[in-house]
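You will see chain A twice below: alongside chain B first, and alongside chain C after that.
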Partner chain A sequence: MFNTKIKSDIIKGVIDVTSPLVNEAKFNISSKGISIRAVDPAHVAMVDLELKSTAFEEYNADDMELGIDLDKLNGIMKLANTGDLVTMEYDEESNRLIVKIGNLVRRMGLLDTAGMPDSKVPHLDLPAKAMVKASELSKGVRASEAVSDHLALSVDKDSFELFAEGDTDTVNLKLPKTLLLELHAPGKFKSLFSIDYFSNMIKPVKSDDPISINIGNDNPIRVEFDFAEKHGHVTYLLAPRIESE
Partner chain B sequence: MGDLVQNATKSQKKLLAVEKKQSPSVCALCRGTKFLCGKNRCPVIIRYHSKTKVKSLLNTLRLEGASPPSVFVGRIGYPKVAIGPMIPPVMGDTSEIDTPERWLERTLDDIVDFRSQLVRGKFTVNVTDVESPHRIVEFTRELALSKNAVFTDAMFTKKPYGRIAFYDEVQPHGPSAPLKTLDITNPKYEQCIEKAYYDTDLKARAAILDIYKNGVLISKIQRAFSVGAFGVKKNRRFVPTRWSITAVDSTLSEELMKKTKEYPFINEVRAYYLNQFDNRWIVLMVPSEWQYELIEAWYPNTTWNPYGTGISIFNSYEFYDGRTTYAEIGGCYYAARLAVNELLNKERRQAAVVILREAHPGYIMPIGVWNVRESIRCALSQPYRKFSTVQESLVYVSKIMDIPLQRWIRNSAVLKNQLYQRKLEDFIVR
Partner chain C sequence: MHTVIHPSPSDALQFIKQHHSSKPEKTMLLIIGECMVDYHGRAKSLLDWGERLLLIKQDGTVLVHQPIMREPVNWQPTGSITEFTIKDNQLFLNCRNRKPPEKMKVAFRQLMLVAATTLIDHANLIIAGMEVDVVNQIVDNPTMIEEGLRIVKREKPVKTGAIDLYGFDKEHIPVVIEVKRSLATISSVHQLRMYVNDIKKDRTEPKVRGILCAPKVPDMVKKLLEEQRLEWREVKRNVVIPDNRQRKLTEF
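Entry: the complex of A and B
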């Protein structure tokens, strides 16, 4: 059984978080809520999303998996206005998801989840952690997009730093400890990342919200933030670029 | 990587040094189409015009010959464009003249020679007038749909003028003249093209895919496409020859790519090599999700780098999600993408593909994107070298190509991605 009612904005948020990485996703449903874990086709980035049942206005569900075409779901959600309540139900007989927006009923065919593997989360040792305001970070990322396709992120005991270098131009964003919500770094840690991926990961975060960043040396980065008024949590992993000579 | 740099030969080091003072040639980005240099005629193309042999002009207003069949749709003045047949002053089976798929064994001189015989008749129409009852429009379309060479009788209002016309993407042709009347014998249509022509509810994309799957040559599909033979009836229109070539390449490769992206990866790193018309081609394939890039390096004194003192390198690429803008380097990007996907579909495999092209000074004139499509097809039909890593394949590249490896890598988005971007599974502790 899957029978729920939720604000359309929250579902739109779920799509914004997952669709940059995959077009199709497996929604793992349990009585506690929904979780999605997916890896992009290049195996460079992973998203791990949790949406608690408390995020819903109404929530009744048993354990099950729903294979969802995110483009299609996005198209349906575009029909809903901000603040609209959306009813989502699973119809076992026809294997379809029934989405109701006001008087509109949309029945959506589901995908076979057999072809969608359960991704393993790599165990990572990322010693440094910084909490940054989304607006600060996105300013630095936008500036970097203009000069390069990758950027370096580094954390030491005093600051968080973002650096990008193109053929002729560079971008540098240094946030001292006082501007950070949290900083913990036993030493200096630095890794390089693709701007495309990284910018997609911070885009869904509202500008005043904090983003938590865990980083190591030439290791993946872990980006975490809350959404849906803290009833939802997103963890991204992004593999680094390593420019060894 | 460090060893490779040290292994660079002296000649390669010289090339590295030159690069600093190199002025990037706008020609390679423009190719006679955009007038980026500010002049109102392309000096490169004019230079080839002046060098070509002066053919005796046809001293007549009437021309009879067997059209290969061949038609031309101009782009100047769009949406009012000049359409018409192309006719050589000879009879018999002239089909080779407009079948670039058969030209790889010819020399550049041969190609220019037989193409320069083609006289282009011009008749100005609005691009939407595909169903006009005017006989010139009807016969031009019939020629484009025909299977074999067709006897054609044209009357011009002026004597055919000009020598040979070169384009970047389109095959060269000979003199041209405004048409007064046109008459042709009954042509025999290419069967599956005819079927798509009469199906006015079938979308153009589905039509060309069907015809392609039936084994019809790209040049034939493109010819019919340019006269507006495909698509939903109200959307049909003439498509300038130049645009129709890329439209067909791009559409077909998009369809093939959808399948490529679902196949398992190839098992090894591969390198295919071909030297054609003094162009060195290397096609690298890496077991990976679909990525694609074409990098072209133009030596000084080659077609699209006529005045530079250094080598100009240009690239266009796409990652798995594809691209939304037109490729910087133009139609050749799509022509090569088609050739690459043909092989991957045949093998039912997926790969990241990087094509490296070194155009050496023997490649002196623009002959059309068919050259790129057919060269890549030919390269891919030959045995390839196997490597276990990208790095090893790059050592091979550095042996074949004159341009040093770092310069290729610096100009390549896909190679950088393959060399530097790690995957998450690299960090799973076993």
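Entry: the complex of A and C
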């Protein structure tokens, strides 16, 4: 059984977080809520999303997997206005997800989840952590996009720094400890990342919300934030780029 | 680059020993001359004397080219091992490949040129956006269209043109597939419908399926396809531009 009612914005949020990496996703349903874990086809980034049952207005569900075409679900959600309540029900007989928005009923065919593997989370040792306000970070990323396709993120005991270097221009964003919500770094840690991926990861975060960043040296980055008024949590992993010689 | 022109077979052997055999994985060897090729392996073949170009690449690949045509007449894959000897005043090449076990023997009785050099090339070829890409993808993996589909012919000629891909589904019903590079249009629907009708007439089959494959099928086209009892698949082109510097999560 899967019988739920939720604000459309939250489902839109789930799509915004997941769809930059994959077109199709396996929604793992349990009585506690929904989780999605997916890796992009290039194996560069992973998303791990949890949405607690408390995020829903109504939630009744047993353990099951739903294979969802995110483009299709996105199209349906575009029909809903902000604040609209959406009913989502699984119809076992037809293997469809029935989505109701007001008087509109949309029956959506589901995908076979057999072809969607369970991704393994790599074991990472990321010693440094910084909590940055989303608006600060996105300013730096937007500026970097104009000069390069990759950026360096570094953390030391005094600050969090973002640096991008193009052929002629550079961007530097240095946030001292006082402007950070949290900073912990036993040394200096720095890794290089693709701006495309990184920018998609921070885009869904509301500008006043904090983003937690765990970083090592030439290691993947872990980006975490809450959504749906803390009833949802997102963890992204992004593999680094190799520093150019 | 080292070269020797019109060497005797024994001079050629000495040249090869000096410039190739010590570091074959770093040397590209080119031999032009009159040769005979004897191949044993998945099949047997004998190619009588003729003037040809033989290439040994830095990964062991061996290619024997005749003066015409694009494809080599004989070849051995990556990782093949080639040994050189002299017998009856001829230069013999013994090329071996383990998997599958195969052997190619080449005898040169006249040599015009032997050249050895090291080529450095780290670039990858990037090909993007050809209709044939999608066609190849479907041929390689027909399940991307549907489970049980078999492709039997590409570019199948019919009265009104040529069908991109022709095959049978798991119920053995003929399937006509038309591939479009970008947007599926109204005229691609008509084209597909004509092909389906051609097959129906040819085979006097009551049921023939037609599938239009494109990266994007607009709703209006979908509606028309439904009216014509035709199908569609939105097939995304698999173009991944290799990025040597980007690491993967699987490495951690």
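Operating definition for what follows: the second predicted complex is superposed on the first by the 243 of 245 C-alpha atoms of A that agree within 3 Å, B and C clash if a C-alpha of one lies under 4 Å from a C-alpha of the other, contacts with A are read in each partner's own complex, and residues count from 1 in each chain.
Everything that follows uses one rule, which is that a residue touches a chain if its C-beta (ideal position, glycine included) is under 8 Å from a C-beta of that chain, and two chains touch if they have at least 3 such contacts.
Bear in mind the structure is a predicted one, so any value in this text is a computation, not a measurement.
If you put the two complexes together on chain A, you find that chain B and chain C bump into each other.
In the superposition on chain A, A:P240 contacts both chain B and chain C. Of the two partner chains placed by the overlay, chain B and chain C both lie in contact with A:P122.
For the contact definition in use here, the residues of chain A common to its chain B contact set and its chain C contact set are 39, 41-46, 122-124, 194, 219-220, 237, 239-242, 244. The touching residues of chain A, counted against chain B in their complex, run 39-46, 120, 122-124, 149, 192, 194, 219-220, 237, 239-245.
Of all residues in chain B, only 1-2, 261, 288-289, 319-320, 413, 420-429 touch chain A in the complex they form. Residues of chain C that touch chain A in their complex: 236, 240, 243-252.
Contacts from chain A toward chain C in the complex involve residues 23, 39, 41-46, 122-124, 150, 194, 219-220, 237, 239-242, 244.
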